[in-house]
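Below: a set of structures, written as structure tokens.
Shared between the two complexes below is chain A, which has chain B as its partner in the first and chain C in the second.
What follows is the complex of A and B.
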């Protein structure tokens, strides 16, 4: 049986389109037979990364977010590219998640969730001067059983 | 996302269904703010129908949780879906957001149901006013610094400058300037107000935007005051108001009278952050330490020294107002206060206000210092003035009025008079 090994999607950089990106990730993971926890972790990470791009990268300016999800060996690889000003979210400080609510900083939680849900998070500036964020997670079970 | 709201005994239950992400977070934020404005102190968010939660949604939960906690209330997340529970667990927020475990079954009545204090709803001038007692024992001690009578007599000098702290626990109104150093401050003296960690000074002389300093970390702003009401303590009550009649606005005197009766004392410190329907008052054109010809407020010199608002100014701005008000104040405090109007039942007050560019800032109940800090997020005030009521009949501009907003109040528990600088005639 042929297994689709990659999917791509481009949406406008607007919070209204985040759900489409998540649906795309979810459908891909479901087709791979991944358990719900795995799928939710990847959906959440892709959403956090794309939200960052829309809210902090484009900041109401027009621009697209390109998503590619692929299986490479035993890994699921999510790659988000944009044309927003270069910003490396992996360098954001880690929030103190043990602080009481009064001291909780609002912000920084997105990248914390990505780090905790994915195995690898890598950023690079593209040739076009935008961003490429790669999120990798080891698949939960062997393929093609 | 679909949101339902239901008032039940002991708590408001807000039900959310669908995705709680960057595209829907604002809607939930508005609904939660609405129930708090309606008087809710204990809010249960039923998250059983939320199938996706991201940090954009968590941001709103943290914000609402903080705001409710600051007014003695509580946000609980009940019946979270697996998706919600997992993300909140990863974020270390299960305790902070009072998340009830998903398998806990039907939410039962919490044992500490009486923990949230009772809010009281009042009506004043066609506005609905909700007064909430704050946790802890609030109250301000008030230092009466300097002699305001010396201003009228033209006897204020730079020798009389007193350095006062203006941190988050202070509330100061007076005449002076900002900074640690008295040197050079006297020539710039004008209206000062400080509250919630912000200190604002309208320099006398040429028209310009006020100076301001904000408390940050260990930094506590300081002011140099010729005279001042310098209060320190914690607020005992928070109040929100909004029109119940479409065109209604609340006057400063009406708000003050409501504050005094809600707290049930004769003297209060007041901080207001509200959408202005127009402010009325005056600011100094000349530092009161400048040599003058006769008494400061005498005609015609007063026209050079004081600028009165010809009509209401800064309508549709956000006003930060700080002051002290009292019914029939005694001599020492009374010297610092002015009658609020002939029909105001012995109300006396001394209020200074700063106006900020209007923006849609939902004025919800939060900690006073948080609300003050939010005002400065996009810049400083456009102007500051001493609020006065203009009672010249139909020609007068009347009282300063507000459309909707919040105020924080505390009883003045003690007054200490102190006279800085050289001793003068009593």
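What follows is the complex of A and C.
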């Protein structure tokens, strides 16, 4: 069994710090012995979610992004919290990826990729009036196998 | 550095194409098109990580180069970057090739 079942970090809400969040997710998944495709899928999803917080939530206002990654039973659970104005990305319209590229709106791909790569995406408004986004993906292999 | 062949400009994109690096690539590709290099090949052989910001840059450059009478071809996609391109739905619409030579020759 892995001895470490969670990790967390807080970074300032600007794009320069997104790589630190990715590195944190990657290192945690690697320590769990997850395959590269699993790790990259979770990294991408956490990155897209955090990018949305920074670009559309804070919009250059100061604020932090808190990341927690944990193993709960057979699931990897990523939780991002912020103090940006409430916004539920799970209610964003799914982009029509089958539309001709010339007609497709640029943007909206982030939440599409998150939905594609994670099993569960859930949003709630925190007691402080910010956002908590939970991303869950079933682990690719049993713990300690 | 971009390598110029008779028919296309090859732009290598290495390591990460994310919210930090995408704006710089977009400026560079737009600059090339404005200077008259409208046939672009993105060499993604050494691209390890691709996020939606990078996809938006690729889509925008494809449109911009296309409107200028050229186009954008992708070369060398592999691994997770290839998976992201496939998930995005652009795989069948932006011409994609295994190698830079093939992507260049296809113009």
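The working rule: the second predicted complex is superposed on the first by the 143 of 145 C-alpha atoms of A that agree within 3 Å, B and C clash if a C-alpha of one lies under 4 Å from a C-alpha of the other, contacts with A are read in each partner's own complex, and residues count from 1 in each chain.
By definition in this document, contacts are C-beta pairs under 8 Å (C-beta built on N, C-alpha and C of every residue); 3 or more make two chains touch, one makes a residue touch a chain.
Just so you know, these numbers come straight off a predicted model, no measurement behind them.
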{"item": "Superposed partners chain B and chain C on chain A - clash or fit", "value": "clash"}
{"item": "Which of chain B and chain C A:125 touches, first, second, both or neither", "value": "neither"}
{"item": "Partner chain in contact with A:72 - chain B first, chain C second, else both or neither", "value": "neither"}
{"item": "Overlapping contact positions on chain A, where the chain C interface meets the chain B interface", "value": "15-16, 18-19, 22, 36-37, 40, 43-44, 47-48, 51, 54-55, 97-98, 100-102, 104, 106-107, 109-110, 112-113, 116-117"}
{"item": "Residues of chain A that touch chain B when the two form their complex", "value": "15-16, 18-19, 22, 36-37, 40, 43-44, 47-48, 51, 54-55, 97-98, 100-102, 104, 106-107, 109-110, 112-113, 116-117"}
{"item": "List of chain B residues in touch with chain A within their complex", "value": "19, 21-23, 52, 54-56, 58-59, 62-63, 65-66, 69, 82-83, 86-87, 90-93, 96-97"}
{"item": "Residue ranges of chain C touching chain A (in the complex, touch as defined)", "value": "16, 18-20, 49, 51-53, 55-56, 59-60, 62-63, 79-80, 83-84, 87-90, 93-94"}
{"item": "Chain C partner contacts - residues on chain A that touch it in the complex", "value": "15-16, 18-19, 22, 36-37, 40-41, 43-44, 47-48, 51, 54-55, 97-98, 100-102, 104, 106-107, 109-110, 112-113, 116-117"}
